[in-house]
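Consider the two complexes below, in which chain A is the common component and chain B and chain C are the respective partners.
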Partner chain A sequence: MTTAPIEAPKTTAPVVASVRDLRVHFKTKAGIVQAVDGVDFDVRDGETLGLVGETGCGKSVTARSFLRLVPMPPGIAVSGSIMFRPRMRCSSCDGAGCSICGNTGRVVSICPACSGAGCDTCEQTGAETVDLLTVPERELRAIRGNRIAMIFQDPGKALNPALTIGKQVAEVFYAHRSDELLTSAGIDPASESLQNYVLRRRASQESRTPENLVLSLPPLRTRRNAISAAADAMVAAALNETQIPNPRAVMDRYPHELSGGMKQRVMIAQALACDPDLLIADEPTTALDVTVQARIIELINELQERHKTAVVYISHDLSLVRKVADRTAVMYAGRIVEVGESDQIFHDPEHPYTRGLIDAIPGASHERGRLAAIEGTVPELIDPEPSCRFSGRCAYAEQVCRSEDPQLEPIDHRQVACFIHHPPDHGVAPTFARTEQ
Partner chain B sequence: MTATTERRTVLAVRDLKKHFPIKDGALQRVVGHVRAVDGVSFDLHRGETLGLVGESGCGKTTLGRVLAGLEPATSGGVYFDLSEAQRIQLDQSLKALDGADLAGLDAGHRVDRLSGHDWRRFRRNTQMVFQDSFSSLNPRHLVSDIVGRPLQVHKEASGSALTERVVDLLEQVGLGRQHLYRYPHQFSGGQRQRISIARALALDPELVILDEPTSALDVSVQAQILNLLHELQQSRGFTFLFITHDLAVVRHMADRIAVMYLGRIVEAGSTSELFARPIHPYTDALLRANPDLTENDEGFHGLEGTVPDPARPPQGCRFHTRCVYATPDCGWEIDDVVLQLEETPALFDKLEGVERRSPFDADLQFDDGASSAGLATALKGDHVPESMKSAIEQVAVNDRTVSIRFREVDEVQLTERGSDRQAACVLDALPDRSTQRR
Partner chain C sequence: MSATSASQPAVGAANESALRVRIRRMRELAANVLANPTTLAGLVVIVGMVGMALLAPWIVEPNSPNASQMPRDWGAIAVPPGSPGHLLGTTNTGGDVLYGVIWGARTSLRLSLIVVTITVAVGVAVGSLAGFRGGRVDEVLMRIVDVFLSIPELIFALAIAAVLGPSFRNIILALAIVFWVKYARIMRAQVMHVKQNEYVDAARVIGDSNWNIYRRDVLPNSITPVVVQATLDMGNIVLVGATLSFIGLAEAGLAEWGVLVSEGQSGISGGRWWASTFPGLMVFLWALAFNLLGDGIRDVLDPKTETR
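Entry: the complex of A and B
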């Protein structure tokens, strides 16, 4: 399945990641569950893309595929591609923001295969392009937490209960910023001496027991401590950025000593520590109270503004996504049914499912007991027949919806997968007029 | 004579408290109490829906459990099924502290004094629907057992008559005979919540306490359940106590709303009034933080700070530590100084001890004189809210000791604000948003 680039009136920013025909299947006793079944979308540089859908629609699985975090087994097959274009610090302004990098402080990395001339691996763009689904594990480790970071739904479960906040946030720096740690500890990372070798291993958390023993002896002890101090300083700075009061005191605490909102701030600090190009936020505020949720959203927006990070914001809460996202993709049963600018989608939804979702939110205008519920439940995704996945619950469905797959096709600045807007070649096309009868 | 024309009070709650002991040490001595519910009063009339709103930890679920008789109250009374005359009598005798008069009411109506027949009558008329239908339906029981159990316990039906009653109940909630012999895990979240509702309705109760019945559900399914609940209320005249954190849902469902914060009701009133004209700043903050309620272009705003420890609730108004409209009369106290100190580690590390004469008056001991002088200047700084500065009556630095005394303030009580409208705030009305501090 090929997809035309999504036209938008507002932005033509280059794409950070493009997902093409992503399929993730799980094997269960009942059969093969097609949790994600042909998903296409682009994430543009610096934007927030909202991914909305109900429980079980495959939004979390899509997100986890970005970092290959889908467990195998029970996952049996992931196909399609997720092309990611990492960025690097702009050399002319050193990250401060200039005209060359468009004030983002970052430029696209040059494709190593063709040095920017344009070749097949980079799809003629000249920018370094990595397929996250096929890249070797070792290279992926360099991307995880560094170029792409993730915030999980339940900060209580995502943080390690046995490590202090300071220790677990520092791991990001040990994994991805060991050179910076060495430099700020006054050690030349390029030096080849044996002492430096040991220190370098220490700064990337690779040192083993004998090396640690050597490091605890007087000649190296002070420098080892300088590395820890440098890491602590970086952690404190990262925590400070998420407006955690008194970060030095928080670093000595364990996750259970912090409130939910505070834990989520730690997660955000950890995710943004390496200034990633893409942040995947999987229901980051679902476990929080509304007043705390609003603070966290404000914080994410503020940090995104400063770091120019692209964000994929996953949520089941439409009203929230409307507030947060520039563009929104609505998912249903493993597929995207509608993508477009958020305002447009919420004011004038085109897909019957999007309409249903928006009408189901209890609003001031609804008479009590007259909420527009979507009847039925989400279908099982075990070996589905070709059909519109929503046809079983759709008030407008015709015969053709139950026998053919509607494709995601463009209509005025957005894409919709529905036969109402793209009538099939044969059979009776459904229309919105039908239920009014 | 039927009671249909007369207004009956299904539940009258008067100064209800529920404290949980905090035990510590080898002997598990009680070192304090978590005041989950701390002095709550309201009436619930027959046929209406009262929405109880608040954030997690405000005591709304505990209150629901106490009202359903699942937990004993620490103090205060819950009175069941009062006529209008009895309710007036109750309030008068409580006001006059008339023990003799109360004893008469207590015997037949006060929930924790009921026994035998009266207790059974209360239990069958008060049913509950829980938030998590995974843990509130026994996974080893069939649907027919789960929904039929109340009927068996109260000896309403048995044998094939019981089965027919269960089928009838299932049909009322949109399920059917084909679901009788299945286990809870075979259903989706929405269907399980329907089973919970069918079980609650089995004995045709007067009052149904709904504790976050739709929080675990998707919005399209939530709409189904809300419609169902409304239909059932219309056809069978239930009284609902709707406990939730979602203001959009209570606005849709409730006739009246009570907003809780840290164990107390801070504002109550009819739904339309409360949404159109919130009085308490906390209600306003909740409204402004909810993305369903704020308009598209309007930004939405959160609250600074965290909920205070319910074992040591703040003086005066419990919300003053986070309130953007706080005044000097809101109950600023020594704990607020300690809170400010915690944010300046340089001073906090030097703090040796706090000797309290009252919550408003204490000596703070420091390691050195410089720190105590530092605190005195910090209290005049920009970091400290204006209203807190004005509430300080005295700061005296004496070598390493700082004596601070705040204006003493009584606990802010819920007061009448027009007909059927109460709020617990020192201000008469919500100030203009431009006058916020910070």
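Entry: the complex of A and C
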């Protein structure tokens, strides 16, 4: 790629996933908690979207909704939609990047219902669109780990202690790359013979005990081993990409024999193994030492550049999000209060909550002494009345803030949900001026 | 073995080293279990008993036509231990105590292995289904389990065996019917706990099927308490089985410890202690040894669990 064309600004890139009116409710003894309460945002191709907020504001639940991982119970209802537009390898450059695919190596896959003409299922975009909240389990499984991947907060908990690293990472290839496994094992994936049927089942981990017995007998044994060897080779390559030294040795290790940073590298290797369109990183460095954090973030960035993957980066660490995210969405009490370009949001926050958050970052320029904090606590989300969720802690709040829901509305290249910026039809509008006098 | 480098993916090499790692780990585990002297003592007794059971035909000549029946020597009734031809004496009906003790080990081994295999298989299957599926499936299965658990196990087994008629096969059946619920309970609790782990979510996220998640993530991480319980039950089942045959639910004259104790009990007041004492001692040793081993395994595999 010597003649890299001028890259389009990421904010105008096509949308990979759009979340609309996402609501997730949990049933607790005290009542129904509206953990996520009408969240809207888009994730654009190749960008990093930072999702920030305090503990319990619903950012992890939002992220988990992408892969339908919200546990039911205690979750009782997930509504709204998460429209996902899976992308395919660009046929003209075979993933290398060309002018047709905008140097991403991938193109939008055509809507099967209207062959690209634009219809209701694809919202007139002509691109294949899947609602992740309603897609059948079988199709969802084909998306999980393949088109959308996820990295968890604590790699120590996200790896099965009873399986070696090699076997765990191999799962993802068995689940999504069985044809490639067969091909590199010298077996024709299209062949219909009974032998190949069993081998094919093996390569997608669908073979059961009787089949496995047959596979362990001499005639098929060497081929079975060839499939395992092919998987091992793919695993080694994936681990190698995340700069794990001596991957073949690591593959025989169990998770408890690796350091936290290494474990997270393994998770990243597995997540990016199938070259997904969207990676959800749920506080991927929170459980790691500070010194390791920086290297993991670098690694994610580097791999994101290489794979052109969109990343939803969830964190409560604002200074981190400011560094890694192209755009940032600030969540508070189950809602998004402000979303826009990271630079803009961090330099010139418009929502009082965002302002409070940014002021609360302890910086080198601050004097020693008390740390800045937002007064008050996060409200309970059990059957809330219509109101700005932040009104109880907001220094500028007026009557209208306590009785009406502010909507997320655009102001100069971003969206803010606050009556200060788009005054209500009636009542006294809050202004920043009041306490700034 | 030389380290396999990433550049030469040999088919056998990677597998072989994984196998070596596994063997090393098993060896470490065994060493840990046996580091405890009481566990070691238990294991020694078990090895002796099982060896005796397996080698019974070579230690004492099998009775014909039916080797599991004690031979009757009507010419030597109730002779004391040390008599010629009857090392441990005979019963009131001329049954050879040594034969009963040694072939009784074979009967006990058969009983405990069959019952533990059936109960573990059924219990793990039912418990896993209930714990993994949850919801209504769980509700229905666990109510059935509750019904089984509400009846004291000995009385329940007794009732079933009595209804089915006196035979050793029915004792096996009765014990299998009674004991599986324990495993279902343990397994369900384990699965419900394990399936909340993040690695189960992580497996779901890469697109694994439910079956593969169960087989690779849930089952291996929840089986430990079942292994411990199964070891303990290898002892308990023989104890309960001996109780049932003592009461008379096995065929008369069967080479089984409970039957032998029962045959000898009438002689105790007359000073003929041997016919009951030796088989009784065997039952005691058998149960004790498996309990010691079970506790030892639990200490190593599952250090967090308190002794139940």
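Keep this in mind: the second predicted complex is superposed on the first by the 421 of 437 C-alpha atoms of A that agree within 3 Å, B and C clash if a C-alpha of one lies under 4 Å from a C-alpha of the other, contacts with A are read in each partner's own complex, and residues count from 1 in each chain.
Everything that follows uses one rule, which is that contacts are C-beta pairs under 8 Å (C-beta built on N, C-alpha and C of every residue); 3 or more make two chains touch, one makes a residue touch a chain.
Computed from a predicted structure; not experimentally measured.
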Contacts of A:Phe152 with chain B and chain C, given as first, second, both or neither: second
Touched partner set for A:Leu194, first chain B, second chain C, both or neither: neither
Touched partner set for A:Leu217, first chain B, second chain C, both or neither: neither
Touching partner for A:Leu69 - first (chain B), second (chain C), both, neither: second
Which superposed partner A:Ala30 touches (first chain B, second chain C, both, neither): neither
First (chain B), second (chain C), both or neither touched by A:Phe346: first
Which superposed partner A:Asp289 touches (first chain B, second chain C, both, neither): first
Partner chain(s) touched by A:Arg248 [first = chain B, second = chain C, both, neither]: both
Contact residues of chain A, present in both the chain B and the chain C interface: 246, 248-249
Chain A-facing residues of chain B, complex: 55-56, 188-191, 218-224, 226-227, 230-231, 234, 245, 247-249, 251-253, 275, 285-286, 288-292, 294, 296, 299-304, 306-307, 342-343, 345
Sites on chain A touched by chain C in the complex: 67, 69, 71, 141-146, 149-150, 152, 154, 157-164, 166-167, 171-172, 175-176, 205-206, 225-226, 228-229, 232-233, 236, 240, 246-249, 251-252, 267, 270
Interface residues, chain A side, partner chain B - complex: 54-55, 245-246, 248-249, 259, 261-262, 289-298, 316-320, 322-323, 343, 346, 356-357, 360-364, 366, 368-375, 377-378
Parts of chain C lying in touch with chain A, wherever the complex brings them together: 3-6, 9-12, 14-15, 17-18, 21, 196-199, 201-209, 212, 216-217, 220-221
